[in-house]
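There are two complexes below, and they share chain A, which is joined by chain B in the first and by chain C in the second.
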Partner chain A sequence: MTPFLTGFIIILLFLSGVYVAAVMERWSVTGHVNWGGPVRSFLLLFAREEIKTRKHDKVFFETAPVLFIGVILLTISILPFGRGSVVIDLGTGALFINAALVYVMVALLMAGWAINGVYAMVGGWRALAQLIAYSMPVVMALTATVMRAESMFLTDIVESQQGLWNILYQPVGFILFYISALAITFLPPFDLPTARGELAGGVWADLTGARKLLFRLGRLTLVFTVSAAVVVLYLGGWMGPWLPDFVWTFLKTLLVAASFFAIGRFMPRIRHDHLLEYNWKYGVPLALYNIFQVGVVLLL
Partner chain B sequence: MAPLTQYLILLGMLVATAGLVWMLYLIKQSLGQTLDEPGKNIPAESGNLAPKPAWLRYHVHYYGYALLFLAFDMEMAYMYPWAVVYKEVGLVALLDMGVFLMILFLGLIYTWTQLGLKRQ
Partner chain C sequence: MISVQLILLIIFGLAAIWFGWRVFMTSSMVRSALSLLASMVAIGILFLVMEAEFLGVLQIMMMGTEMSIMAIFMMMYMMDPGGLGQMDMYHQKNISIAAGVIVTVLIVGAALAADWGTIATQFPGPHEQNRLLGMEILKRSMMIFETAGVTILTGMIASIAVALSIKNSVEK
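== the complex of A and B ==
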């Protein structure tokens, strides 16, 4: 296959993956699988009136949705889908994932601030505390994968998992990264910034129309991106028999995304203070332990 | 591909995203204007009007978390280059980072004992 055709197929797969994520998101709330649902909610949001709250912060109001969706697209563009089909193979790939995903938090805080409503503001601060806390285990788990690969190129990290995937090589790191990934995507057990019951929608409460649409789309892309990151870092990336390599990445990514939504379907929302305490008291020490364990195993 | 080209592509992607969003806004605008009705632009606050702007509400505890985050974040910036050369340097690298992390970890334990991780 020519690289052009492969690239085209990968983009198609990516779009269909985001669509499937949208279907699953709906399922995780209502329990029904509705394949036409995302189109309907897209049109609904598109036709809705654009209401701006009084005395909103104009700069943040305009930049937050763009920033949110922009950094997520940057992250997905550096992830390797297949052996030869990498758009951009950055020398600082592992660091870049973390650096870009931190802006999700900034965008959420900006959106919460911009609206100038109490619920949105509380949601914004919650997003800040939650994502600051959970960016720590993410970084430390990433470091352990870099230690094994001796390189920050994501392609090298995938190659280093030849023979033994990182999920078995460093299970503690995988669990930490998985839970933190769930917290970064603010999906149901961790959906505190946009909690429906407590905050009436939180950060998104007063967004309508195109801006809400961008945030919804951005979050679906974020789920897909973070799942792809889990696959690249821990589940052997494109490795697998028979099928072409990018198909394997896609299938594994869908599986991880499905597991995210399944957890959201069957878990109650976690309390905000518990969430912070669990992370700092257990998450950070466990992440340090993981680095130590990988270090010792590497030297043996 | 040279690193400079890669970052140029990334910048281009950001600009393209902004352009796409702008187009979306333009299409949205062409579909119709928002009707100006009383009470429409009030943020959701269970039907009450807020007495003052919402931009004052944050808890003093955030400063503690911010300090803790700063301490660990600085460490992480140091840790990436360390992780790349770790296997080459060997046991010395493990000891170096072990001592460094131990000092940082003491900071976390200190915060913990001072109830800095508790949220009231």
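== the complex of A and C ==
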């Protein structure tokens, strides 16, 4: 297959994956599978009048959705979807994933502050608290995968899992990264910034129309992107028999995204102080143990 | 010798200075903190333009968290975090203008007077840079980095332990 055709198919698969994620998101809330639902929501939000709050912060209000989408697109561009199917193979790819995803929080914080409403502001600061909770386990889990590959190129990390996938080589790191991935995408049970019940929608409480659409679309893309990152780092990336490599990446990513939504459907929302407490008391020591374990196994 | 790199270097250098100036021109704490973040990100991009990939990505990653945390601390400690009272970001105008001018002259003087050597044309790729940085940290500079790292970690754990006062003092 020519590189152009491969790229085209990967983009199509990615877009369809985002659509399936939208269907699953709806299912995780209502419990019904509705294949036409996302299209209707899209058209509804697209056509709806944009109501702006009085005295909103214009700069942040305009910048936040663009920043949100922008950092997610940057993250997609460094993820390898197949052997050689990567937009930019960055020499510091593993670190860059985390660097880009930090700005998801910054975008939420900006949006929450800009709207000039109580719920949105509390939601924005909660996004920050959530980041403080999960950022350390994420970086340390990434470090352990980099240790095994002896490289920060994401393609090298996939290649290093040739014999044994990282999910079996470093299960503790996988569990930490998986839980933190849920928190990065602020899906339930970690949907503190956009909590429906207690904060009436949090950061998104006062957003309507196109900006809300950008955030909703951005979050679905984020879910699919972070799932792809889990696949690249822990589930052997493009590796698998018979099918083309990018199809394997797609199937695994879809499975991870589905598991995200399934967990969200059946888990109660965690309290923000519990989240901070568990992550710092148990998450950080476990992440350090994971680094130690991987180091010992590497040296043996 | 005008190259794309040089043009980008000038653009993002000016952006860093402009955002740094914006920090003091707003009365809202959050706008001020995020302007500083934008300035720091511009510096991170300068590293990327100068092909120091690891430093650039690290700068961009660390500053995103740090400046946001600074924003919430400024919110907590200032009497007027939203800038609704039209407060000023600077005090003692004459002294601060004098200090600013003197420091600028000193820094520009140092930059012009320093011998920067020849411009590097040969440099290792990002992977090799990462390896060399690791060797530097774990060989010659190990004591410095380990001492600093353990000190910071102890500080973090201690401050979190202290912050849990509500649970520790259950009233009888």
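Please note the rule applied: the second predicted complex is superposed on the first by the 300 of 300 C-alpha atoms of A that agree within 3 Å, B and C clash if a C-alpha of one lies under 4 Å from a C-alpha of the other, contacts with A are read in each partner's own complex, and residues count from 1 in each chain.
Heads up, the rule we're going with is that a contact is a pair of C-beta atoms (placed from the backbone, for glycine too) under 8 Å apart; a residue touches a chain by one contact, two chains touch by 3 or more.
In this text the structure is predicted, and so the values were computed from the model without any measurement.
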item	value
Overlay on chain A: chain C relative to chain B, clash or fit	clash
Touching partner for A:54 - first (chain B), second (chain C), both, neither	first
Contacts of A:40 with chain B and chain C, given as first, second, both or neither	neither
Partner chain in contact with A:91 - chain B first, chain C second, else both or neither	both
Of chain B and chain C, the chain that contacts the larger number of chain A residues	B
Touched partner set for A:206, first chain B, second chain C, both or neither	first
Chain B versus chain C as contact partner of A:153, first or second or both or neither	second
Touching partner for A:125 - first (chain B), second (chain C), both, neither	both
First, second, both or neither for A:133, with chain B first and chain C second	first
Partner chain in contact with A:106 - chain B first, chain C second, else both or neither	second
Intersection of chain A interface sets (partners chain B, chain C)	90-91, 95, 113, 125, 128, 132, 151-152, 277, 280
Contact footprint of chain C on chain A as seen in their complex	57, 59-60, 90-92, 95-96, 98-99, 102-103, 105-106, 109-110, 113, 125, 128, 131-132, 135, 151-153, 277, 280
Chain C to chain A touching residues, read off their complex	28, 30-31, 34, 37, 53-54, 57-58, 60-61, 64-65, 68-69, 71-72, 75, 125-127, 129-130, 160, 164
Complex interface listing, chain B residues touching chain A	1, 3, 6, 9-10, 13-14, 17-18, 21, 24-25, 28-29, 31, 34-35, 40-46, 50, 53-55, 57-59, 62, 65-66, 68-69, 72-73, 76, 79-80, 83-88, 90-91, 93-94, 97-98, 101, 105, 108, 111-112, 117-119
Of all residues in chain A, those that touch chain B in their complex	46-47, 49-55, 65-66, 69-70, 73-74, 77-78, 87-91, 94-95, 113, 115-122, 125, 128-129, 132-133, 136, 139-140, 143-144, 146-147, 150-152, 200-201, 205-206, 209-210, 213-214, 272-273, 276-277, 280-281, 284-285, 288, 291-292, 295-296, 298-299
